[in-house]
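In what follows, subunit A forms one complex with subunit B and a second complex with subunit C.
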Partner chain A sequence: MNDKPVTLYRHMKDLPSTHLLGSGTAMCSGCGGLEALHEIYDIIGEKSLYVNAAGCMTLLSVYPFTPFRGSWLYTAMASAAAGAQGVRDALDILLEKKQMKADEDMQVVVLSGDGSAYGMGLSATSSAMERNLDFIYICYDNEGYGNTGQQYSGATPHAARTSTSKGSSGFRGFKKDLFSIWAAHKPTYVATVIGSEPVDLARKIEKAMQLKGPRLILALSPCPTGWDYDPQDSVEIGKLAVKTGIWPLKEYVDGKVRHTKLPKQRLSVDEYLKRQGRFNHLYQPDRNDKLINEIQIDVDDYWSEVVE
Partner chain B sequence: MNRVLLTGNGAAAWGARLAQAEYIPAFPITPQTEIIETLAQWIDQDKMTARLVTLESEHSMITAAAAAAVTGVRVFSATSSQGLLYAMEMIYTVSGWRAPFVLVNVSRGLASPITLEPDHNDVLAARDSGCLQIHCSTCQEVLDNTLIAYRLAEDPRVRLPVIVNLDGFYLSFTREPVLLPEIESVKNFIGEYNPENMRFRAHEPMSHAVAVLGGAPYSYFRYQTHLAVENGLAVYDELAKEFEQQFGREYGVIENYFADDADYVFVMMDSFATKAKDAVDKLRATGWAIGLLRPRLIRPFPAERFRTLLSGKKAVAVIDQNISMGMGGVLHSELCTALYGQPQTPEIVASFIGGLGGRDITVEEFFEIAKSIRHADEINQTPSPRLLYTETELREIRKLQSLANVKLHGFGETS
Partner chain C sequence: MYRIRFHGRGGQGMKTASRILGTAFFLEGYEVQDAPRYGAERRGAPIFAYVRAAKQTIHERGVIQQPDLVIIADESLASVSSAGTLIGIDKHCVLLIVSNESPESWKHRLNLDCTVLTLAYEQLDIHQISYAGIVCTGAAARLTGIISNETLQRAIKQELAAFDESVVANNLHQALDAYKKMAEHEACVQKSQEISADNYQAPEWITLPFDDANISAPAIHASANSVQIKTGLWRSFRPVIDYQHCKHCWWICSTYCPDGAINVDDSGQPQIDYDHCKGCMVCVAQCPSHAISIIPEQQAEVAAPEVTAIPGDKR
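Moving on, here comes the complex of A and B:
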């Protein structure tokens, strides 16, 4: 961690003071995904083309309006990465043939939720990485099929209540490790971010923009509607996700994983869980020590292996 | 112009090469694979300048194809059967993007049971998608219509994907003499792709394929696509005329084989129609006034042309190499819809299903079909739809079942 990269973003005051992405969209109030997207879009800029997979953010662009200053292509749930492939290849063909000026080129970005990124779209994404596609993949991860009412997905954490896991133990499965799945492909860049840590996020987007090849920005996206909390608490819950160690901020580059923010004294997972209705059954009517401990041990185990 | 022996697949590949397709998203599937292998080899040997990318599925392949087309390059792709069905979500989606590209489908029967030989249930599953469909019966037609398909897809009145269909095995792997046009004359016919304002550029941002809320904007776009598909009929006519002037080969939206003076008419699609032609020749030799109509365009459906061509006929036999479970032949339904209630319309339009999964339709069966519609006309009663199958075929199946001791009870066997 000695060779600190040159960055424009050291403090909050370094961040862009006005947002590029338009307001007044159909996202829920307090949407942690939109918060992250605003911050990401400010750094990536308007010379970009967002290839979208079916999810909440499909409703950002509703005919004939869009909050994006650049371009947009909605595809389907499974194949946004393939859409990015087609666009990138076509732009490269046009550049090679000099049928398009270099300054008309764009950053090709996939924008998908966790339902697509962790599940239906994973095959197309894996194959895009295998071809070393030059693109940025943004996943806003709200840990469930949010747009259809928060059914559990491959990204849902252990014990969370969703609309398809309403029992006393919540979701019996475990959150899939998409960061490692990506890293196993040896792509250019993989990073976790969260909107409530905007400087860390800005630096990672800044770094991603300086690289070529497949790059994942995996944004944990606190979701008041799906996680069941007051929309005004989104930033606070995001901060707690980091402080409890539940959402490690890290990046993979050149074959190495580096944590960008080490929670010095990790808070108990209770601080994060008890703020959200989706974990209410762990505390009401009685405290479910067994499940809460399982979650705590899982987090402790993760950090015990982190050597920086 | 060069005369060479080409398979149907080879002819399709030559179509892409001569049209100077710039981008080829690919995925292998029998009996189509030879097309992408041929193109890949030409690219490796610098005989063709294009970028071929193998995706991980046909769903991704069609997504990439359309995404590239709306970015502004000329795109070719090919698939078959299960591949077309795997891609079906995107086949329907990308017509709504108004993405102009050419997709060759090499027809093959659908699972289950899984098989390799042709029928048309695969391509007819794309019937309502908004993609235009040109159906071919010879290798020359495959090549020529791939060229015409680019003009059709890219025409500002259309701007839609075009599917060029050829039958697996019977055409895909059959060598026929094909006249190869010179690339300069093809360039003259097709020209460079001009996407006009349908393209992505940093300084001309565009939102493509955005969501709509409510039925009114949704209907607006769906009607737009429908009307553009309908435009395809007149545009195809224009293009076919231009093609004929330049290359000397004539293509109408419906191939008319001795139907003008006929009392009885076979109606069939694709390569098995050549079997019907043989039957027409033999029947005419014995004095029958019989002919064949073979629609090249299935979408848009040439309803008005059929009405004109079939006006005053005694009886029509539609031989469908497809089956809509619980309804019957798709072409039969479509033709009846086109003809019903029209003046001078034939009173007998009978349905026959045959050639599923490449099952042969013998000349004797065509004779039987002809007799059956003549009889129907005499007694003025349309026969029930017929599923062509011979006693010998059933006996062979029974023999296999008995050899393997297959127990049919409980599997819903119907005799």
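Moving on, here comes the complex of A and C:
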């Protein structure tokens, strides 16, 4: 971490004081996904075109209202990356035919939930990377199919309760590693972010905007509705995800993975889990030591392999 | 048949309230329909749920248009026209509002000639918000005169089986308290006849001419016009900044606010845009100098005039 990156964002004070994304949207009160999106939107700016796969954020634009200042297009859950190819091609044709000035060009952005990004839309996304499509993919990861009542998805963490994984053990599967799935395609840029770490987030968006090609911004998005906690805890829970090491903040660029924030003294996973109703069954009626331990060991194993 | 409609906000437990009432009717030997209805909005936004219960097969479908009992869990919704709380209320209907004001005042204010009842609450507590629904279930059960105390308890235990004991106990306590308070109005709700298909009045459709895609496609040619939607109406509590203690570190509250509803004025002071603040209270939790407090919306309406939003961005 010797190469000091040149950035406009050194402290929280450097973050924008006015916000570009319109308020008045239909996201839940306290939505961690919306928090991340408005921070990201401030940096990407209004010359952007969003291709949105079905999910909670589809409801950002409900005719005749939109919070976006640029364009927005809605696609089916599996097809946002294909939609992005279409609009990128259309923009390129307009540029080539000189029907659009070079400075009117727009950043093409896919916006999808984890249901699309980790599952239904993965095939179209993989193909878009294969074609080296010039786009940014933002996934707000609320670890389930939020819009339809929080069924489990490929992003649901081990042991979490969802509406399709109840009982004393919760979800029996494991969260997919989308960061590595993307990195294996050798795209331009892959980064994890979270709205509760806005400086780290701003720097990563700033960097992504200076690059071309496929770029992923994977935002863990605390969701009061699906994760079952008081909306005012959204930021606190996000910070705990980082402090416990459950959500590593990192980036992949030029073939290398670098962690952008090393939790000095990692808190125990308890601090994160016990704040959320979706993990209640790990503590009530009795503490499930075995399952909590498994989660802790998983996190410890991850960090034991991190050398910076 | 009984037709009962519950109005509240996402997060107040209205869906569960109607579900439990439905189960209670079922346990009393009724055939039941119960359904929640949400619009595009979410937690904090107006939602409603409804129950039909009858001794014979229920043929009616869809949202209840002619209710026998309407319960409004959050009195601030009565004035929100998009919440549709008053739809179909006629003379025969009973309206119960959770409110500390008198039934007469509501009757006058809403210009209604039906029976209006109120259920007083003690102190508004933001942490008790999810119990708003169960209070309504308890009250509704008594008002129908059909559901016994024991059945109500069974229905609650059955529907909340997945929750821990303390949650169930709290729900029972709240429901039974409301059940007791409604004793003098027991069985005041009158059931009504099923609406017959013979009397069905078809809606007045308007047939639109076929237009080209560039005209008929729902394209929005505006920039950030979502600000016209006042999501501030979702709130039942509001955060208030005490400028005596505010250290002007706007980058904290203004950045964390999920809705971008905290703007910074020219003097570097954060200003909450109450037209759009949904009342999540993330700012309250994150303010390092504890300069933001929470007050019930009703209190704020009397105390301070609405602060107008600082329009858009200045970049």
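Everything that follows uses one rule, which is that the second predicted complex is superposed on the first by the 308 of 308 C-alpha atoms of A that agree within 3 Å, B and C clash if a C-alpha of one lies under 4 Å from a C-alpha of the other, contacts with A are read in each partner's own complex, and residues count from 1 in each chain.
What we mean here is this: a contact is a pair of C-beta atoms (placed from the backbone, for glycine too) under 8 Å apart; a residue touches a chain by one contact, two chains touch by 3 or more.
Computed from a predicted structure; not experimentally measured.
> Would you sort A:S196 into first (subunit B), second (subunit C), both or neither based on which partner it touches?
Touch partner of A:S196: subunit C, not subunit B.
> What is the contact status of A:A78 with respect to subunit B (first) and subunit C (second): first, second, both, or neither?
first
> Applying the document's definition of touch, where does A:T225 land relative to subunit B and subunit C: first, second, both, or neither?
second
> If we overlay the two complexes on their shared chain A, which of subunit B and subunit C does A:A160 touch? Say first, second, both or neither.
neither
> In the overlay, answer first, second, both or neither for which of subunit B and subunit C A:S127 touches.
first
> Return first, second, both or neither, reflecting whether A:L94 touches subunit B, subunit C, both chains, or no partner chain.
first
> Please work out whether A:N280 is in contact with subunit B alone, subunit C alone, both, or neither, and reply first, second, both or neither.
The second partner, subunit C, only.
> Examine A:G32 and indicate which partner it touches, taking first as subunit B and second as subunit C; both and neither are also allowed.
Touch partner of A:G32: subunit C, not subunit B.
> Kindly classify A:E236 by the partners it touches after superposition: subunit B alone (first), subunit C alone (second), both, or neither?
The second partner, subunit C, only.
> I'd like to check the shared interface: which positions of subunit A are touched by both subunit B and subunit C across the two complexes?
Looking at subunit A, the two contact sets intersect at 46, 59, 61-64, 66, 68-69, 72.
> Please give the residue numbers of subunit A that touch subunit C in the complex, ascending.
By the definition above, subunit A touches subunit C via 11-13, 15-32, 34-35, 38-39, 46, 56, 59-69, 72, 166, 195-196, 198, 224-225, 230-236, 280, 284-285.
> Subunit A touches which residues of subunit C in the complex?
Counting only subunit C, the residues touching subunit A are 10-11, 40-45, 127, 162, 164, 218, 220, 222-231, 234-235, 250-252, 254-261, 263-264, 273, 276, 278-282, 284-286, 312-315.
> Contact residues on subunit A for subunit B in the complex?
Contact set of subunit A toward subunit B: 46-47, 49, 51, 58-59, 61-64, 66, 68-76, 78-79, 81-87, 89-94, 97, 99-100, 103-106, 123-124, 126-127, 131.
> In the complex of these two chains, what residues of subunit B are touching subunit A?
22-23, 25, 51, 53, 55-57, 59-61, 63-73, 89-90, 93, 97, 200-203, 205-213, 217
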